[in-house]
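Report on the structure given below.
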């Protein structure tokens, strides 16, 4: 991996963090409403995977998808405007935080119903396979989503017909407040793939380089017609499930351990049972981003000054996005109706078709 | 012009569309090798290959969702759900995905998806195999619903459905597959949502759809012998509904009877009645009546099953009663 | 008598039933350790243990079906579906299993199952999180549906639901959980399906349920200042419907307005209107009107979302229009 | 296994075959309507498993459940009457062929929607586990059913909470007309259980003794609190999927091979691709029943004369059941309404509950 690529990945991780923190602020100020599911802590996953993607690949995501959208190349302005429900938003203010779509960037949407990403990815991959194109469909989902029936149904069909899908499980160990060992009989998610004969691997989702390497290899296989591949990426979200969730079900020490990217997290966790209060969510310490910063500096790819510049750059971009969103107009009911009727061509439905 | 079974006309419609457009594919349980439970996809796999005619596992939710995802990439999938009863597993894909994605995406993704499914009460298939889901689907903005009653409409409406860039449900009826009728494959089709007058009469307007149209016509024939002239409107579409055709007729006859196989309580007929009383109130001599299915799970026993849905006699006596009873206090 | 939030009264009802009867259990996503998304099950796991308060994986179809199977063995499960939007995955368990097994088994298996779910439009949750499914559930013989609008009814009706040997759905409303009201835990409850007059007036009957009752009462208050006296009926139950209460009132006021949050087309109001015009036709001075949700997927933008469902002003102007317009040709 | 038990099992296999053939005849004569899914060929499965069951165990089945009901102890009369839609039927003529229920025999029903047996079994097992009773729930399903989402969801929960369920896959290799390698990415169904950590085993479903031994062992584990167990039983149906199905999608040679219980069936099948016509379904040759008859004779447990007597006995029972069914009254609409309102106690719903 060359210097430029590393720099680009770090930059995207910083953008992601800055974007989400700005969104949280917008929510706290009442500028953004609805459910807001943030990504801090998990940046290495989206950045690692999507930097391995080609423009010809498709992306399907969940309600926790701002960062996937951002890294995929949708302008921060358009995402932020969508969060604000503005007409300049990527979904014209009709979709909102959980429903970012961008046809031109092959971003097939954020889905708010857990388990929907699987059949959408299946259908997209079916279309790709039917056309015999060397394109992959990247399907993101959480550890909680794998217990939905569609996971099973879709993995079976994907394997049966060798469809070009990279399944990416963002295993942050929680289904809202329910920890993985309380929702899944088998907690090593990648082992679920064995029931379909899909090659699967578990990778450290806090290490962006490891994620990137695994994703690149898997995507190459997918695009070359080897059928679906499965990656489990172990990660952690620093915030509550959504802005409405104080995350009081998680031990303080668990959070701190992940924030320090501490390898003994699991061990500590076993020994810990107290459920501390919300203020446990305070300032973020060392994490996947700091870790990668350090790595880049150590390897001599970047220096502290450049990282500071990067931070300033991305902050400016995000500030601009917020300004843009705030200043944009709201859609009116006429806009809503015209979006709704956009594709409804009644006249076509009169044609004879001899 | 040829005399075809309803299933054959659907089969011809599929064949015509698949021949004309490579983006049309079909999938569902046993649609390929087996040729479809009701033969609608017969011969297509041999002709178009298995990537275009795909046998699926029993995974309704995901293969219907597959249709949604494929439609987002520009294919025009025709998903066959073997019977409507199994659509209960696919309802999230239909309601939350197919119907909402075009809107939620700000109009970026059209949804050229067709979902075909036979429904209605056939013969002694028991309560779980006798669903009618029109009410559920009608309440979902973003879906259109075609309900062909004749082989000609089956041919036209399936082709139109495949052309539609909206999610479109074609509700077939298990007892109609082996009904026969003339099909003109060259004729110009009326708009998919246009209701058609199958018979005109001055005394009462009967509005029906799918198999109930056949019964309504039988009843009209019978009533004519008693001097009662009944208009029979075949709705052909449950979403949108062609209100103008209905309103015009009711304004002339001053009497309206709705016939549906669906359970009466909160069935499709409820919407028809509610809107027509809004639009025709001052023209009506009597309240709008519904002849509908009983509000009971379908009994297995054949006689009870038959008694649980409208029969021709029920229509006849409802009309007699409507026209015969004195007008009350108004 | 105490002043409780709606969620608290549901929590008390759960606690009372679980304390009284060991066969009562509850399950759903995050009902245990987390205490329930809307706090309805708060504290219950600590008190009753995890076999009676079970956190489930995200597997709506199967954990709802689990409730059905457990009810067949004599437990009285209360299944919480986190929000009604996720019930689309569980609809087979609800319609094809819970509602039909008692009948299909020839009456051998009662179904003492309660399914609780919050629904309706909250605040900017987007189209997929803004379902209203009343129409779908109403059309299913074998289900009963309670729609409490007040903390007192929430308390009563949830307890009654748990006592019911029929499958009973309690539709809560996301925006009502933090509404407050007096709850008398000792008072005798009216029958679960009885409609209640929340206000009496001679000029017009307004029929509403769930959150729309609150808006109807606001509108009535406002209209009273203009000299228009509006009866407000809180249906409390959508299946069965207490027709007598509705009919009696409409016979007195000669005007009927139905208010629902559901989409207008084939929504719950359609059945109300259709049956009431059948039963009250000769008493009505004007057609029955519906104030209802727009037939569009719910837009995310806050203003558009608000505009897509009835507001108090919409009720007021519908009443004004109904009473003000001359009577047409009749 | 003692002589009496062997005799009882053989007797039930013969009853099963005779019952189903009588049902087929009733259908051909127009006395029975609706879908009719018959069991010939698969008798060793139901008989082997259910002879290992205790009266305290529960049974959940599919639309192909006449034989499960019969072996479970529901009188042939009541089953046959239900197929005829009569009021004397086990479900009072309201359920029909696909919906046999018998609360007193813990027969929790036949389900016509593929995939419903899983959650029903899950719920029953939950109730048993909650009450800490040493009872098992036996859940039957086909090879096609394992691709339904509920399979996956329910197996996960069953394993997670260690519920007492014996999952029994009747693998007859077909989902109506779709052969297993065309509907499942992994055709060894028992391997699906590994994704949940459920012990699983494949057994020859044409060999009643093997089935019985495996089921007994598995049921003991289930009842003693070891959590769910999984059996895949390889078998074959001689007839079409239902009476409406000529089964023309199956090669003649495959049918014949299974009918002869021929171990080289699979090998022949690979080499065969012609799809013969319906007359391939003709007279049944040697099969799981003949096989077991031979075995019983060879071991000296029974002789030909006794087998002939058994055949006569069961034929008499089935003939009687048919007569009973034909002579029984049909339910009227009043019966239907009273069944429907049976459990609806409106008055209870007025009570206060202080």
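Each chain gets a letter, A, B, C and D, in the order it is written, and its residues are counted from 1.
Assume a residue touches a chain if its C-beta (ideal position, glycine included) is under 8 Å from a C-beta of that chain, and two chains touch if they have at least 3 such contacts.
In UniProt terms the chains read B, C = Alpha-ketoacid dehydrogenase subunit beta.
Predicted, not measured: the structure shown is a model, and the values here were computed from it.
Participant: Could you compare the number of C-beta pairs in contact for A-C with that for A-B and name the larger?
Facilitator: Output for the comparison: A-B.
Participant: What chain lies farthest away from subunit A once each centre is taken as the mean of the Cα atoms?
Facilitator: Between subunit A and the rest, the longest centre separation is with D.
Participant: Using Cα averages as centroids, what's the distance between subunit B and subunit C in whole Å?
Facilitator: 30
Participant: Roughly how far is subunit A from subunit D, centre to centre by C-alpha average, rounded to an integer in Å?
Facilitator: 45
Participant: Report, in whole Å, the distance between the mean C-alpha point of subunit A and the mean C-alpha point of subunit C.
Facilitator: 36
Participant: When the centre of a chain is set as the mean of its C-alpha atoms, what distance in Å lies between subunit A and subunit B?
Facilitator: 41
Participant: Which positions in subunit A are in touch with at least two other chains?
Facilitator: 91, 93-95, 99, 111, 113, 147-150, 153, 156-157, 160, 182-184, 340
Participant: What residues in subunit C touch two or more of the other chains?
Facilitator: Residues 56-57, 59, 61-62, 85, 88-89, 92, 96, 103-104, 126-128, 141-142, 296-297, 299-300.
Participant: Going by the contact rule at the top, pick out the subunit B residues touching subunit A in the complex.
Facilitator: Interface residues on subunit B, with respect to subunit A: 16-17, 20, 25, 51-52, 54, 56-57, 59, 61-75, 77, 92-93, 96-97, 101-111, 141-142, 159-160, 163-166, 185-193.
Participant: Taking the complex as given, what residues does subunit C use to touch subunit A?
Facilitator: Contacts found on subunit C: 29-30, 33-34, 37, 55-62, 85-86, 88-89, 123-129, 296-297, 299-304, 307-308.
Participant: Taking the touch rule as given, give the residues of subunit D at its contact with subunit B in the complex, in rising order.
Facilitator: 33-35, 82, 85-86, 91, 93-99, 111-115, 144-145, 147-149, 175-178, 182-184, 249, 330-333, 336-337, 340
Participant: Using the touch definition from the top, list the residues of subunit D that touch subunit A in their complex.
Facilitator: 147-153, 155-157, 159-160, 182-186, 191-192, 194-198
Participant: Please name which positions on subunit B make contact with subunit C in the complex.
Facilitator: Residues 61, 85, 88-89, 91-92, 95-96, 99-100, 103-104, 126-128, 131, 135-136, 138-142, 239, 262-263, 265-275, 277-279, 281-284, 286-290, 294-297, 299-300, 327-330 of subunit B touch subunit C in their complex.
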